[in-house]
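Got a structure here, written out as structure tokens. Questions coming.
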Amino acid sequence: MTPPPDAGATTRSGSHLGRPPLVLVVPGAMAAALLVVPLVTLVLDTPWGDFLDQLGSAPVLAALRITALTSAVTVLACLVLGTPLAWLLARVDFAGRSVLRAAVAVPLVLPPVVAGVALVTALGRNGVVGSLLRETTGLTVPFTTTAVVIAHTFVAMPFYVLSVEGALRTAGERYDVVAATLGATRWHAFRRVTLPLAMPGVVAGAVLAWARSLGEFGATITFAGNFPGTTQTMPSLIYTQLQADPAVARTLSMILLLVSVGVLAGLRNRWLTTS
Amino acid sequence: MTPPPDAGATTRSGSHLGRPPLVLVVPGAMAAALLVVPLVTLVLDTPWGDFLDQLGSAPVLAALRITALTSAVTVLACLVLGTPLAWLLARVDFAGRSVLRAAVAVPLVLPPVVAGVALVTALGRNGVVGSLLRETTGLTVPFTTTAVVIAHTFVAMPFYVLSVEGALRTAGERYDVVAATLGATRWHAFRRVTLPLAMPGVVAGAVLAWARSLGEFGATITFAGNFPGTTQTMPSLIYTQLQADPAVARTLSMILLLVSVGVLAGLRNRWLTTS
Amino acid sequence: MADHLVTGSEEALSGPGRATGPGLHARVRVPGRLDAEVTAAGGSVVAVIGPNGAGKSTLLGALAGTTAMAGEVEVGGRSWTAPPLAVRHRRVGLVFQDQSLFPHLSALENVAFGLRARGRARTPARARAQEWLDRLGVGELAARRPRQLSGGQAQRVAIARALATEPELLLLDEPFSGLDVGVATALRIELARHLADFAGVALLVTHHALDALTLADEVLVLDGGRVAQTGTPRDVAAHPLTDHVARLVGLNVVVDADTNRSFPPSAVTVSLRAPEGSARNRWRASVLSVVPHGDAVRLLARTDGAQELIADVTPEAAVELGLDPGREVWLTVKETSVRTYPRTASMRP
Amino acid sequence: MADHLVTGSEEALSGPGRATGPGLHARVRVPGRLDAEVTAAGGSVVAVIGPNGAGKSTLLGALAGTTAMAGEVEVGGRSWTAPPLAVRHRRVGLVFQDQSLFPHLSALENVAFGLRARGRARTPARARAQEWLDRLGVGELAARRPRQLSGGQAQRVAIARALATEPELLLLDEPFSGLDVGVATALRIELARHLADFAGVALLVTHHALDALTLADEVLVLDGGRVAQTGTPRDVAAHPLTDHVARLVGLNVVVDADTNRSFPPSAVTVSLRAPEGSARNRWRASVLSVVPHGDAVRLLARTDGAQELIADVTPEAAVELGLDPGREVWLTVKETSVRTYPRTASMRP
Amino acid sequence: DDADGSSDTGGGAGDGAGDTTITVLAAASLTETFTTLAEQFEADHEGVEVELAFDSSATLAGQAVEGAPADVLATADSRTMDTAADVLAADPQVFATNTLVMAVPAGNPADLSGFEDVADGDATYVVCVDTAPCGAIWAAIAAEEGVTSQPASLEVDVKAVLAKVTGDEADAGFVYETDAVAAGDQVETFEVPGAEDQVTDYPIAPLDQAGDPELAQEFVDLVLSEAGQQVLADAGFGQP
């Protein structure tokens, strides 16, 4: 892009463009209210008395550890595997692209429990791939922390891929072409040009994937099981506690919520301001 | 943007830029395999014999109707309310923006059942807002089709908002400024410039929201219940059937899956090629 | 950077009670980039010239409201800065240096955009847009997207877009760059005609002496973010105070203590051996380039003091002297052809 | 559109066995936009001129591989089309008409990009990039992002970026547009020096006669997507076959049946009353503009036949005749000043 | 109670011929039996339609408290029924019991010979999480019998345990007798020592918000009737 007469050189983003119109502020505020009010009432309704006790308890700490670990690995898997997939879908014209694009969106549509069932049919010890694996290496996937990561990745990756594909399309192919004329391989152009320009979409996608992974339990419980210290994540723990003591479950939800909001607020504003 | 020496004037997108590098194709293919293989094995494992019987049965038809209705309304709600919210987050610099941005992402993190609990605390008949509503109008929200839509919107909107916000940031503010110099109000610029330029992100966000709505049942069952004909969606029905007859549940999953893939493949390629 | 910072005394100057006619009065400060004052009567055309990075585009951006500034802007007797007027309420027509056509709209829709934004109905807006495209010779490209246009075609669409809204303040940032000579000439005339009827003020950024001299009533010379000179085109052309202007109008300017000494290329004599004459008017130089210039041949040479000078000689003389690049020559100029006037220190770092 | 469609005979021409020297030979067809053949010896500079939309940028894009084309391109004896060579393997240095600097990289990183992409280590790449920026006079702006640069500064960074990779084929799309005169002159000289040592072929798109005449060994005139004329700069300037070129070199060209009749502005006499002489060399016209041109005053006038003519008169005559815009005058030209040569029908629709 | 307004909405769902609809909230493990009983009830009551909503007992109890438009609540343990005490129109009555058995996949691929192989062997087995009724029973038995091995997973409900067994993801699992019966020949069962001391109770009660309290009571009566008990016995439930 050529240097503009300073679109964007103003001190406060957008302020010189006039006040945001009511026709956007009102529905925007309604959306915000819809999202925020239930959270606030949930917070108000939480029995905060035993918050610290719960936070310190062994199963909660174990679940937090598993959750942090698996969601981090899931985001990593999305970045490493999902980014190339999004790029292929956005930039490369191959046979079956539109079928693949639809297929990528399918795990979004599956109820999580069914997603778990699908993973069992593929990677369970009698699954198509899983039985092969078991015969050749003796390894089984279910009931391991790896299984949790696989379940999370299966569920979260589509969010990541769709979001990044959208950003790649929005950014356009123009600078890829410029990079090619400067002798860049596609890989070099991808790293140095395509990806940096689509960074807001990558960040959004990573947040989506991470959040989805944090909240997931249907597929996890179905495919990986629910055992403290290996496969029990915070949502699984919360779900099981809901059956017994909803008040405790709510406190646990608050723990999950505060931890994740903390991380989100910290990371996201940093990412967004630098990119 | 000025007319380039034909970046993008080539016949096949990207083909002149050389072959996609293995370092992108291999992880991309792995991601695709991870997403596609379980779906294929799920399809293979489905008892197709009673597919048509199930498809024609009254509860399935009712659930399909509710699902189609509520997911469509949810997408509409996201478009109407979520787009302005995404715009506010991306373009307007207001106090508390970063807090709101984090808050918007929170419903992503909540396990769906907890999301349902949060909605009950707010809109349940003893909830903060719900009791007010009940006193003033006599209406209660839970256990109605409206409640399903609210639950779906609560769960799906964050996906939409984050995706669209990412696209708005990727597209940048440059053309908003140009529009302002031509006398456009922010609303006019939003409709005619900002939104069209961010369209791939809007489409991606709508697909995410729709898919999330299609697959949601945790929050729905908790907040809206699971009554055939009013609040029982396909995922709720599948969940119920999983308790009774997993084989039937799988057939039902296939129905949901095929319907949604059909819609996705149809709509999405159309949208993407025109935008 | 303070946004539209206005001090008390400035407020008095631009307060609502004080109408100063339909012209433009502005004092613009953009820290590190620009600190300039512009005044122009209604209906006048101001050529803004200056080297790259002088602050020309910054000035236009500040007036349009797209660049944050301190100071005040008053157009048609109304202040645009106290209180600050939103960009969209400033009736400017802005041709961006890089065109900035909306990539998702056709040429026609681009031109119609401003009309639609200001409330014109669809059909008349499109009809009017088509007229403007026709006037600029790109009527048959109305349906094309910007990326399907050549550079010059896009430039014309951008000009049409800026003119179509009938602005109060016309801000043209190198509108003729990238245009072919024929079109540029036609457009200069078209623009001159348009500007003649134009009650508002037009600012025209240009790197071409011809534009400044043919189209403008006033010339504003910027250098290093400050106003280096103002005056009528003829004035400025005759007494260039900066090297940039001298080069622009095709004069040689050499500096001698506190004075500028300017002389036309035709006053320079080229010879192979050292001529007589005062050292002040005599240079040893090596030829950089030789090109036809009208009926003459124009020579660009660099003196031993690294000064570049131009000289016009007859084609015959050029052949006779063997004036090819690299050739060592002597340049002399008669004192009678030299105009001397005070030098203003260049304000550029 | 077939991508790099190559027929049998063309293949024979550009087959690997047939080395044709270090030059450029290309036949380029882009349906609806261009159908042209270009041949240039190694080390030569080809000026590509033509009106807006003539296909100049399309030609450059096709050679660089960014625009799909049919035909063949052979550079330095090696075919780039049979088999098709990916864009990144074509060693081109391309200055885009709109610069296309990477918005997320600093000026330095933009220039270093091509070096890094071709495997140079970080430190030497940056050092080399800094050298190029210095050479183009924007060394101190190395750390700025493109949007923090002025138009002309960005243009210089774009040129530095294209030159830094030491390409085999240099494609410059209006590299001097938007540059101030001083920089443009300096850059012309710098470029001329660079091109003198350059073994490859350089194509220079320009709307300026001066560029074509000073920098080029060959001129390629495009019009309506076809080659309208080729030749040395002097040849083309002396016998312009298209109006566009005539205007470019500052000649008047009038059409008379199958011939072009050209004459310089200095050969035109301006009077207030109808002069004697053959009707063929006499026009009634109205003055459009009057501007200083070197020592003379240049007049642009439009004849009753809607033809635009330029005339140079002395400043004294201009004052005497009251030559202001709108003035009705008679223009005459002596037959001896008129050069007559065959006209080629304009190939533009 | 003014929940009638919302019960209209629930009733409106019965778009069949019936003028009246009653809604029964029943524990997921009652899916087959209550479906049968509902059909029987409809046959006995001209123009009445029975809507069934199955879910985990805790979820259903929570919904009942929230005023779900329902008439009858049947849960899989007394504790969850107690959480809904405020909205019950009558005292809950136990209508069935269930006992834990050990299920292995058809053909017993891990070649287990009984409970002992699981209790201190290295078989992969799954049980309910102890917050679920079935898990609470397992925990009691495990303590009683001195089980030393660890299960591979604590499943959220008994159907999840069954699914792991029928899918041969686990070598064994502990499920209710009724689930084993429902699974037919997909599983083989072994007795669990001490299970007879740890039966779970299934209580049922009409709800305050019932649109037609009489019909609600009649449904409860049907479940408790001999015919109702027969249906439950066929499915493997024990008599209270």
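Letters A, B, C, D and E mark the chains in the order given here, with residues in each chain numbered from 1 onward.
Here is the rule we go by: a contact is a pair of C-beta atoms (placed from the backbone, for glycine too) under 8 Å apart; a residue touches a chain by one contact, two chains touch by 3 or more.
The model shown is predicted, which means the values in this text are computed figures rather than measured ones.
Chains in contact with subunit A and with subunit B: which ones?
In this structure, the chains that contact subunit B and also subunit A are C, D, E.
With chain centres set to the mean of the C-alpha atoms, which chain is at the far end from subunit D?
Using the mean of the C-alpha atoms as each chain's centre, the farthest one from subunit D is E.
Which pairing of chains accounts for the highest number of C-beta contacts?
A-B
Between subunit B and subunit C, what's the gap in Å when you average each chain's C-alpha atoms?
That pair's centroid distance is 52 Å.
Could you please state the distance in Å, as a whole number, between where the Cα atoms of subunit D are centred and where those of subunit E are centred?
85
Where does subunit C touch two or more other chains at once, residue-wise?
If we look for residues of subunit C contacting two or more partner chains, we find 57-58, 64-66, 86-89, 94, 96-100, 149-151, 153, 173.
What are the residue numbers in subunit A that touch two or more other chains?
Touching at least two other chains: 1-4, 6-9, 12, 15-19, 174, 177-178, 180, 185-186, 189, 197, 239, 242, 246.
Tell me, which residues of subunit E touch at least two other chains?
Where subunit E meets two or more other chains at a single residue, that happens at 59, 62, 163.
Which chains touch which?
Chain-chain contacts present: A-B, A-C, A-D, A-E, B-C, B-D, B-E, C-D.
Give every residue of subunit D touching subunit B within the complex, in rising order.
Residue list for subunit D touching subunit B: 1-3, 57-58, 60-61, 64-68, 84, 86-89, 94, 96-98, 100, 173.
Give every residue of subunit A touching subunit C within the complex, in rising order.
Touching subunit C: residues 1-7, 9-12, 15-19 of subunit A.
With touch defined as at the start, can you tell me which subunit B residues reach subunit E in the complex?
These residues of subunit B touch subunit E: 120, 124-126, 138-140, 142-144, 221-222, 225-230, 232, 240, 242-244, 246.
What residues of subunit B sit close enough to touch subunit C in their complex?
Residues 1-4, 6-9, 174-175, 177-186, 188-189, 192-193, 196-197.
Tell me, which parts of subunit E touch subunit B in their complex?
Those in contact with subunit B are residues 3, 5-6, 9-10, 12-15, 23, 28-29, 31-32, 51, 53-55, 59, 62-63, 66-69, 157, 159, 163, 166, 182.
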